[in-house]
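Same chain, two partners: subunit A is paired with subunit B first, then with subunit C.
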Partner chain A sequence: MKNPLYYKIKSITLNTLIHIFLLTIAVSCLFPLVWMISSSLKTQSTIFSDTSLIPQQMHWENYALAWKEGGFGRYFINSIFYTTAVVIGIIVVASLAAYAFSRFSFPGRNIMFYTFMAAMMIPIPGSFVPLYLLMNKLGLRDTRIGYILCMINVGLSTSIFLLKTFFDKMPRELEDAARIDGCSKFGIWWNVALPLAKPVLAVVVVFNALNVWNEYLLAYLILDNRKLYPLQVALMTFQGEYITKYHLLMAGLTIAALPIIFVYVLMQKYIVKGVTQGAIVG
Partner chain B sequence: MKLKSTLENYLFVLPAVVIFSIFYIYPFSQVFYLGLYEWDGVSAAKQFMGLTNFKEIIFSDPIWWKSMLQAGWMTLVALTFQNILAFLLAWACDREIRFKNWYRLVFFIPPILSEVVVGLVWQWILEGNYGLLNSWLTQVGLSDLTRTWLTDPKTALNCVAIVHSWKGFGWGFLIFLAGLQTIPRELYEAAKVDGANSWYTFTKITIPLMVPVAILVAILTILGTMQAFVLIMAMTGGGPAYHTQVPILRILGSMDGSRYGYACAQGILFGVILVTISFIQYRFSKRSQAKGA
Partner chain C sequence: MKFGRFAILIVFFTGIILSGCGQKNEGASNPSEAKKISLTVWHWMTDRESALQELSKKYEEKTGIKVNFELYAPSDAYAQKVRAAAQGNNLPDIFSVLGEKRDFAAYVKVGHISNLAPFMEANNQEWEKGFFSKALATSEFIEGNSYGVAPGIYGVPIDMTSIMMLYNKDLFKELGLDPERPPVKWEDFLAIGQKIKEAKKQGLVSGWGEIWMIDCIANNFAFNLMGKDKVLLTIRGEVPYTDPDWIRVFTLFKQMQDAGLLYNGLVSMVNKTAEQLFANGKAVFAFNGSWCVNVYQGMNPDLKYGVMFLPRISDKFPVSVWGGAGSSFMVYDKSKNKEGAIKFLQWLSDKEQQMFLAEETRNLPANKGAAGRISPALAEFSKAIEYSTHPRVWGVSEFSQVIEAFDKGIQSIIIGEKTPEQVAQEVQKIKERELAKKKNK
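Right after this comes the complex of A and B.
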């Protein structure tokens, strides 16, 4: 038997090494964000020469400039609007379908459900091409509603899966009681099932909200009118046009990133749940 | 009464089915149809081409294959560098260690940010004339190493691949951590009682039990990285001279050139390759599970 001190020293050394490793990676995760915020507080003349992390003078007015003259205020509101509309749409459409898949039996039920599930797993990298042509044909291109409908479709399969799994495990007694009291199917769905599904609805909301807020491809394809741009598309356009206005670009990036980080820190457990459950699906 | 009830049931799924049919199933089937045509998207007549589009991609579109190889290289970087890092971090956090919730919180920040944000911030850091990386290198006397990272054909692709891995390792980390936490602690205790050292427990308990999880992470990494493109758009725009082109950017390029049929054919070919890869891996995982059992 070696003496206890040996084990103690060994474990302390190991723990220190592990902490150094974890800390290095953690710093590398945060540093680009710190640099982004730092750059957003410099001026056009200092940003190219001043490499200090904390600028001597904080130019908070850059945010006002980016918000007004860069137009990021409008794009921010657009992003909020799309995110809210899509999430509400997904909650209603997906929970109706998931409830029916879980509770009712009707011809074609399984085929429909498995088609939704297959869509989640088969990669179809080219399908945005016909989608773009279809939007043109339907006159939905360059409209808010067109983009919102497309994004509802994007979140549908996963949300139906999460909700159906939850409904399957949920006890039916309360719904039976409501039915005996003469409540309609829609009444039961709205008044009984949805309130009970709050924990999984939170996962669905957070997951889809992140997804819509960060979405780029469909917004880029569907929306031409600048007034309709969400933040992600606007940022890319801004970078292409004002290549040297890095301070305003960084302010715009901060405006796009901070709400997401804020929501993530508050709702961490739902996101982690969504990731691990979503992974098990695939 | 029965009929009314069935109709009511269909009403529940109707909105989902309608949206899904229009925005998913229709485009999905159209890809296969349009892939056989040459069409500019506007004119009334589509020109039937048979398999000509596919022939052109396979035999006379070297940039397509270059972009495929480049996506493959990025995937290789992600599979090794990113996933090994993710596993080591998960292993380090799956023990009694202080601040582990803080680490977990931080590691998942890059994945929740958009590719646009990540791409543009790193583009600024790696920028050739005023970027932070070059000014650091100059400050520590390594100015020989400075270069225009994202416009130099030698470094552009690797820079993109590393930033992609930086953004992505948090996913693997979370999934590995969830996997590690399902390993019963008693197994480790029992091995310790039997006198096994930590290296032995690691190679004989942890690694074998994590194989299915590793395969899952590998499939997700391959599908995710092969199809990544927004990050590249933000960092290099596919340049310099096609050196960071990837398949999805090529499909978008064909759309820009109003060759919608060709774009669909590229999509089909790419989709078939992706499905084949994940199917092979799935079979492989089935076999290794059967062996383990």
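Right after this comes the complex of A and C.
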């Protein structure tokens, strides 16, 4: 039997080490964010000469300048529209598909499911040119619907995988009870499966919202009309061939990051629940 | 069953999608507007966007033709868009091809790019003569070129670049050197290294972590030491890299390192970092392109610097610099507005528009007549245009594996990992391997 002091010291040391480790991780995660905000308040030249995190002189006008120069107004609305449409589209299609893969037996079910899973392995830029050609043939190039459909396609595989894993674990007794109460297959999906899947749906919403919000490459490819561009494209205007307007870029990035941080904070409760319930690890 | 909420969801989703579908026909309701001729130009030059938009307005006022400059940045996103559009036959009237000359050749061979030689040569070569000859060389394919492209000029340069040495005038003073007399000879340059060491300052910065800049300076040295012909003979496989002249080229990097002329950590430095260090007076020398005039202006408007040629190693051959056309525009051969596109490019490359671009964007103009109204620093860069060369105009290209071994070898010499002789042997070994592979094909 060791001295109680030994256990106390051991516990304090261990806790201190764990906290130092966690603090290091937290600081390394937060530092880029703080640096971004700090740089957004400097001028192009002070970014390179003033390395302090709190600028000597705050240039709040950078935000207004970035908003104006980047044409953020229209692009902001476009991005909100695309994000909402794509996320809703993915939730509707992926939850229906995942429920069907989990609960129904039909010919080719496994092949279809594994085909979806295989699509997850294809690097996104690798599918850009085929998507472009497809949209061109369908006459959907340079349209909002074309871009939305492409983005739904991009997010489907992962979402189906997450939701199917959740539905597989869901007790069948709940559905049996609903069936006895007269629910149809569609009604069970709507009244039983979906409400129970809230935590994993939150994960799907945040992952896909982030993906759509930060996307610009596919938008560049599919869309020619500047009026249809998402917000991220506006940020690219600050990155020149040789010169980057860092102060405006950082101000723009801060503006662009706010809505997605808001979505995350709003859904944080469900995300943590979703992750701990095995939404990700299955 | 409560389908109400689901129905609302579906209606909302369908609604927002359909609302989006209507956007495409925006602006086409007026038939007279639809008939109006307009040109579309795709580019990636963010820092030139406002100047190009300004020129577009001027052109519309002059001709009534609207030119839509559409910016797609950064350059890799732009290159991908052009590639996809080429496959779908959706290229705009005017665009640029980024990448190596072989990529450019591929677009020409499938018929996407117009040969502008007949227009350049018309009226006693009026259009062609307006340009610096080096500017056109990048877009030109000569008779019997190795790419199999029909001879011609396939692009219109809008500006130029040259890569030279720069020095900080204030630091020169601190070192007891005359800021108006930069070193001309190699020995003088090495001697400055000793002063830099003694003053505990840092020497040369450059983007040598982005391997191509090492290739650039090494080839400049090689051209000065052995002449263009011998360099090209080496690329053709007729002179080995173990030749004493090439070993001398490799040795120059060791000499610079030993003399204390190179910034610590230079081999892994990206050009953005190098620019930042030089702009903030942390390095005495920089090796950078003419675009840096604009970059330094943004980073530190008070920076006092001079532009100089690379120190001369030999008097036998001239000192050369890497340079040529910076950005060029190409005309889509299947465009319905081909003639209009060519007329617009003729106007854009005219002296007046070129002067405007040079003043607004601080880039070297491609038009000879416009070179008179540029800043003093840029004027120094423009002096090098006549001595400029670039792998794109050599007509032969080195194997990428050899270039990689060559540049990485120089990096290992700088960090003291290998000797110049070892690197020369390794590069030659790879060269022979690649030549044998090519022969067997």
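To be clear about the criterion, the second predicted complex is superposed on the first by the 170 of 282 C-alpha atoms of A that agree within 3 Å, B and C clash if a C-alpha of one lies under 4 Å from a C-alpha of the other, contacts with A are read in each partner's own complex, and residues count from 1 in each chain.
The rule is short, and it goes like this: a contact is a pair of C-beta atoms (placed from the backbone, for glycine too) under 8 Å apart; a residue touches a chain by one contact, two chains touch by 3 or more.
Note that the structure is a prediction, hence the values are computed from the model and not measured.
With both structures placed on the common chain, the touch criterion links A:Q239 to subunit B and to subunit C.
Touch criterion met: A:R141 reaches subunit C, while subunit B stays clear of it. Once the two complexes are laid over each other on the shared chain, residue contacts for A:S28 go to subunit B alone; subunit C is not touched. In the superposition on chain A, A:H19 makes contact with subunit B only, while subunit C stays out of contact range. When the shared chain is aligned, subunit C comes close enough to touch A:D224, but subunit B does not. Of the two partner chains, subunit C is the only one that A:F81 touches; subunit B does not reach it. Look at A:Y114: by the touch rule set out above, it reaches neither subunit B nor subunit C.
Put simply, more of the residues of subunit A are touched by B, taking subunit B and subunit C as the two choices. When the shared chain is aligned, subunit B comes close enough to touch A:I160, but subunit C does not. In the superposition on chain A, contact is made by A:Q44 with subunit C only, not with subunit B. The interface of subunit A with subunit B overlaps its interface with subunit C at residues 48-49, 92, 125, 128-129, 132-133, 136, 216-217, 236, 239.
Every residue of subunit C that touches subunit A in the complex is listed here, in rising order: 1-3, 6, 9-10, 12-13, 16-17, 20-21, 23-24, 26, 44-49, 70-75, 77-78, 80-81, 83-85, 87-88, 90, 276, 279-280, 289, 291-292, 294-295, 298-301. Against subunit A, in their complex, subunit B makes its touches with residues 6, 8-10, 12-13, 15-17, 19-20, 22-28, 30-31, 34-35, 41, 85, 88-89, 92-93, 97-99, 102-110, 112-118, 120-125, 129-130, 132, 135-136, 139, 166, 170-171, 174-175, 178, 216, 219-220, 223, 227, 230, 233-234, 247-248, 251, 255, 260, 263-264, 266-268, 270-271, 274-275, 278. Only residues 44-45, 48-49, 81, 84-85, 88-89, 92, 125, 128-129, 132-133, 136, 141-145, 148, 183-184, 187, 190-191, 216-217, 220-221, 224-228, 236-243, 245 of subunit A touch subunit C when the two sit together in their complex. Remark: subunit A residues 15, 18-19, 21-22, 25-26, 28-30, 32-33, 35-36, 39, 47-49, 51, 92-94, 96-97, 99-101, 104-107, 112, 115-116, 119, 122-134, 136, 149-150, 152-153, 156-157, 160, 185, 189, 210, 213-214, 216-217, 232, 235-236, 239, 246, 249-250, 253, 256-257, 260-261, 264-265, 268, 271-272, 275-276, 279, 282 touch subunit B in the complex.
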